[in-house]
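Presented sequentially are two complexes of subunit A, the first with subunit B as partner and the second with subunit C.
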Partner chain A sequence: MRRQRGPGTVTLILDGVFVRRRGETWLDDIHLELPNGMTTLVGPMTAGKTTLMRVAAGLLPPDSGRVVVGGKDVTGISVRKRSVAFVYQQFINYPSLTVYDNIASPLRLDRAFRRDGIDRRVREVAELMGIAQLLDRRPAELSGGQQQRTAIARALARPVDVLLLDEPLANLDFKLREQLRADLKTMFTGSSGVVLYATADPNEALTFAAPTVVLGEGRVQHIGDVAETYAHPPTLAVAATLSDPPLNLLPGVVRDGRIECLGTSFPAPRAHADGHRVMLGVRPHQVSITPNGRAALELPAEIRLAEVTGSATFLHLLLQGGLHLVAHLEGTQLFTPGESTVARIDPAHVFVFDQAGGHLLATSAAEVDLHG
Partner chain B sequence: MRRLPWARTVFWLYVATLMLPILWMFGMSIRPNEDILGSFSLIPGRVTFDNYATFFGETSWYSSYLNSIVYTSLNAVMSLIVALPAAYAFSRFRFAGDKHLFFWLLTNRMAPPAVFLLPFFQIYQSVGLFDTHLGVAIAHMLFNVPLAVWILEGFMSGIPREIDETAAIDGYSLPRFFIRIFLPMIRSAIGVTAFFCFMFSWVELLIARTITSVNAKPIAASMTRTVSAAGVDWGLLATAGVLTIVPGAIVIWFVRNYIAKGFAMGRV
Partner chain C sequence: MTERTTVADSPAGVAEPATAPAEQAKDTRVDARPKNNRAWWLVLPVVVSVAFTAVIPLMTVVNYSVQDVFSPSERIFVGLEWFRDVARDPEVRGAFVRTLLFSAQVLLIEIPLGVAIAVAMPRRGVSVSVALVLVALPLLIPWNVVGTIWQIFARGDIGLGGWAINNVLGVNFNYTLDSTDAWLTVLAMDVWHWTPLVALLAYAGLRSIPQPYFQAAQIDGASGWATFRHIQLPRLRGVLTIAILLRFMDSFMIYTEPFVVTGGGPGNATSFLSILLSKIAVGQFDLGPAGAFSLLYFLFVQVLCYVFFTVLTRSGR
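So, the complex of A and B:
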């Protein structure tokens, strides 16, 4: 869909990028090589996503390190001279210009475009973003979703080497988000420029199914296919980032080839020295309260709160030792707070992390012999 | 909504009290001098526009009126030209001592204007700015530029920085962005600032009178001329007074919706 200046494709390389502000390290030795097409950047709120995007765009000079686009070092080059586009989380448009002029503005400043070419391109992009009937309006006369469509249309209008989208759908309501997400996914597939899409929402990252960079505390924590990363998170931090609702964490300890946790135990997937401390990660949808016939860890619990969303019920449980556990149950289920119950967890779906380093020790059903 | 029974009456009484001096002055301006000095009456007996004819017929009168308009407008334009980039810099960039400089600007307004009289008088005599419109406009910038910077900075800081960045990404140069994108966004701020500059310059008498003699003499200074051996020409004085209100009223009409924000220096 997106047209390219010349033949070939572009890569974006961040090489040893550091950003420090007021004694804090915002980006810590970032090494990334992003191919053309879409890449998702996922991380929690203060992971440094926006800082990384701003460095990649040229809006923020890194304290050290290089930014290379298409083989050319652009670190010191002004953003005005670069071939980039940026979409903010807030809806940023020029309020005094109409939607048409907003979209046309980057094209008018680009010598490669002639007047009739500009008109054609503006209408083409407006059609693509579904705002063709709004071209004469001003941004203030549009709804939030239409404003963001305008902002995205402006970013798409000019073919650029690097397109950066910083949580563009975060301020939109649920339905619009779903729809725009689908639109964007089709649009970015096969792009010859680099498209970097930042999000704090793991579901969004999973939906895009693009190569994913997990960012946390200013560091790159993992790079890989998002579904694969979801299934086998290499560290506790990555697992937590990609879990929505949040990952349940339970402390455990290895004893006699078994992992003990809150008075119950299951066979350790791999051999570890006795006394080795581990952290168990359980996704909320892997917790049930009704027996399902399979071997399970049974943890006595007290019901604190049941949140019903319609298609699902989130049951907040209090375990021994003041630990909290959230169970994601199908359908609408009613519970009385204060009642006792038993939380059941299939050991086959427990991530076992090293407590000290947070690295994944074992995941999976294949490695756990329940009856052995 | 239920009205209080006397609300309307009280309102109009209040307005009448406020307007009385202005109405009185207007009444004087359309009466002959004998009537003004003679009997007391709210409604003028003999209506005459002789005073207005005199005002616009005599060069010394209308030219000083024009002088005031010229240097005031010149001052508003020059203050804005200086203050717009300054306010943008204060609003967008961090540089050494920026906060101190910003505050120091305002302290210029804390000194009484009389302090600056002698320096201005002497400098202007030596560089040939004495008795020129430009001279008065520059002198008034001493007070108006700090005010303009403060008002504009307040309005500008209300505009998201991301718009500046988006424009840079689109490829706008800073001057082009400033004129094409930024200025239209702060139209109302420019209007309000121009109004405040106009207002201060228009009512300022001390400096304007000291550094002018004939060619750039302000209207307020000319009004002292009506005292002669024959007594005070009350009618003509009132006419000049009425006409002095007119430009201010016109300017205020255009910015009436933004003045409250302007008084708060754009920070509401």
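So, the complex of A and C:
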């Protein structure tokens, strides 16, 4: 099983995995083939990320389907006998053991490690995670970030076929998250085992820039390069999952080759039957309130709230018909709630989805600039 | 002057700690209402009931412990003489050692047994309620009833337990004649009665451990014992501290059950401090020595609890 010492690489395959509990389908026919190296698993809460990871680890037997690691069917094999490591959102360490013993614990149970090997490996991993000076402490004496570093170090200590990280940074504060994220990215690049990193934060998925699996309602919604998926989301659900702040949605209808929306219209990027109902998706940073010379959809709006974060201002607008729209504006801008304004959207940056099925019908133009 | 301080301490001032100084100044003016002391009436019932249930009886005991009372009109102040007498009395010393030994045995049996029961109890399903009720049952039985149950249960002629030991195991067992048998009967009774308390406390503690801890241990391939030693036991520290304190205090002050079962006998084999004390105070009506005895008893329990608590909470750090 633990054939990880050599340069051989591992693949993790989930083949037709179903998990049903209490009449609900938690995982719905999952087919995934994950190569060695890092893969991001992104999806909103209750998408089934944790369930999928627990199935992959062997903590939860699937109701049907197979789990194959390195060409070997491990579906029925107990997690104790598998070569896996798991990092949780909560900081899980052995409370009575020191940081050193916590990191050493999986190594001591691995016959491949001798005593001196364990010591060297523990110090190596602790160094890597920046907790080398904390080896004598107990988890209760550490900060949240240090506790999670210990938990990650414990997972990294033993080379495993499958390393699963379930939103490991979600409970950390902003700065630590950024820093650890960068550390992890470097660490997982070129790993010979499969590293699956689950997150609900689209920005995290985008930052890792790894192959990304979008999960929603227990189904795999899309697999692909994250930047590519962000630029061309195949469905409304995928677009929504990968948008933070949330995607703005406006209903529209096709008439005479144009898409009408809230009293204004723009040319439909592709021909559709008259009366076809569509859903327009607009990312908040594509909404502006100042004219920039380009043709734009102009929607009269009332300012409801302006959230200023310093580098950006999130302007919450109320459109006709009670629709809400959020504009992500650069810098600190001050507004008075209740004032009228006009929201301007470049049709080139509008995703047109089929209202019934949620599939992407067209992007008016390829949205290439990912960050602006 | 006092008016000002009350105003500053008023709930309105406390509830808004973030108010700007100017606003606070305004608040002070707004809040300058006539104050009254009616709130004291709310504290009064507690003060009165504590006085009558604790302070006054204790002071009465203190009063008796330093006097030799011949009759209500004839009392002589004897200082600490009774304390000296009680501390030197071999009967008291014997009872003290016996009680301490009993408490130690109770803790040594009930704590591990209670934790073991808690670990073995089911975690989910209908069986949880069944197990909880079954375990909690002995706790619902009044002390003197427990005593009566065991008094009959352990009898060799009509009691199931006593009969079984004599006739099935073939061991000669009679708690009314043999002091070891009497001791074991009282000990078994306490274990039966109070282990459930430890089990329930430990069960509550175990239930509060998040599942990922167990999954992490499983992934590491940790054995059942290692999981218990490194995850469950450390996380039970808090509830076990409480369980140890409760069981120590309770067993050190045990009275009703041995009084019903053995009455302190045979001889003085199960004559614990409380039984001896009631004999001196109620039986012989020696109020002076009984008062001194009570105070020493009380102080010892306090000091030992303090020591237990300090040791248990310190060792965690």
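Keep in mind that, in the parts below, the second predicted complex is superposed on the first by the 359 of 372 C-alpha atoms of A that agree within 3 Å, B and C clash if a C-alpha of one lies under 4 Å from a C-alpha of the other, contacts with A are read in each partner's own complex, and residues count from 1 in each chain.
Here, a residue touches a chain if its C-beta (ideal position, glycine included) is under 8 Å from a C-beta of that chain, and two chains touch if they have at least 3 such contacts.
Since we're looking at a predicted model, the values are computed, not measured.
Trainee: Put the two structures on top of each other at subunit A: do subunit B and subunit C fit, or clash?
Mentor: clash
Trainee: Return first, second, both or neither, reflecting whether A:Pro106 touches subunit B, subunit C, both chains, or no partner chain.
Mentor: Both: A:Pro106 reaches subunit B and subunit C.
Trainee: Which holds for A:Arg80: it touches subunit B only (first), subunit C only (second), both, or neither?
Mentor: A:Arg80 contacts both subunit B and subunit C.
Trainee: Scan A:Val162 for contacts with subunit B and subunit C and give back first, second, both or neither.
Mentor: In the superposition, A:Val162 touches no partner, neither subunit B nor subunit C.
Trainee: I'd like to know which partner A:Ala57 touches here: subunit B for first, subunit C for second, both or neither.
Mentor: After superposition on chain A, A:Ala57 lies in contact with both partners, subunit B and subunit C.
Trainee: One more residue to check, A:Val220. First (subunit B), second (subunit C), both or neither?
Mentor: Touch partners of A:Val220: none, neither subunit B nor subunit C.
Trainee: Does any part of subunit A touch subunit B in one structure and subunit C in the other, and if so which residues?
Mentor: Overlap of subunit B and subunit C footprints on subunit A: residues 57, 59, 79-80, 84-86, 88, 90, 92, 94-97, 105-106, 109.
Trainee: Okay, in this complex, where on subunit C does subunit A touch?
Mentor: It comes out as residues 210, 212-213, 215-222, 229-231, 233-235.
Trainee: Per the contact definition, I'd like the list of subunit A residues that touch subunit B in the complex.
Mentor: Where subunit A meets subunit B, its residues are 57, 59, 78-80, 82, 84-86, 88, 90, 92, 94-97, 105-106, 109-110, 154, 158.
Trainee: If we count contacts the way the header does, which residues on subunit B are in touch with subunit A in the complex?
Mentor: On the subunit B side, the touching residues are 160, 162-163, 165-173, 181, 184-185.
Trainee: Can you tell me which positions in subunit A touch subunit C when the two form their complex?
Mentor: Touching subunit C: residues 54, 57, 59, 79-81, 84-86, 88, 90, 92, 94-97, 105-106, 109 of subunit A.
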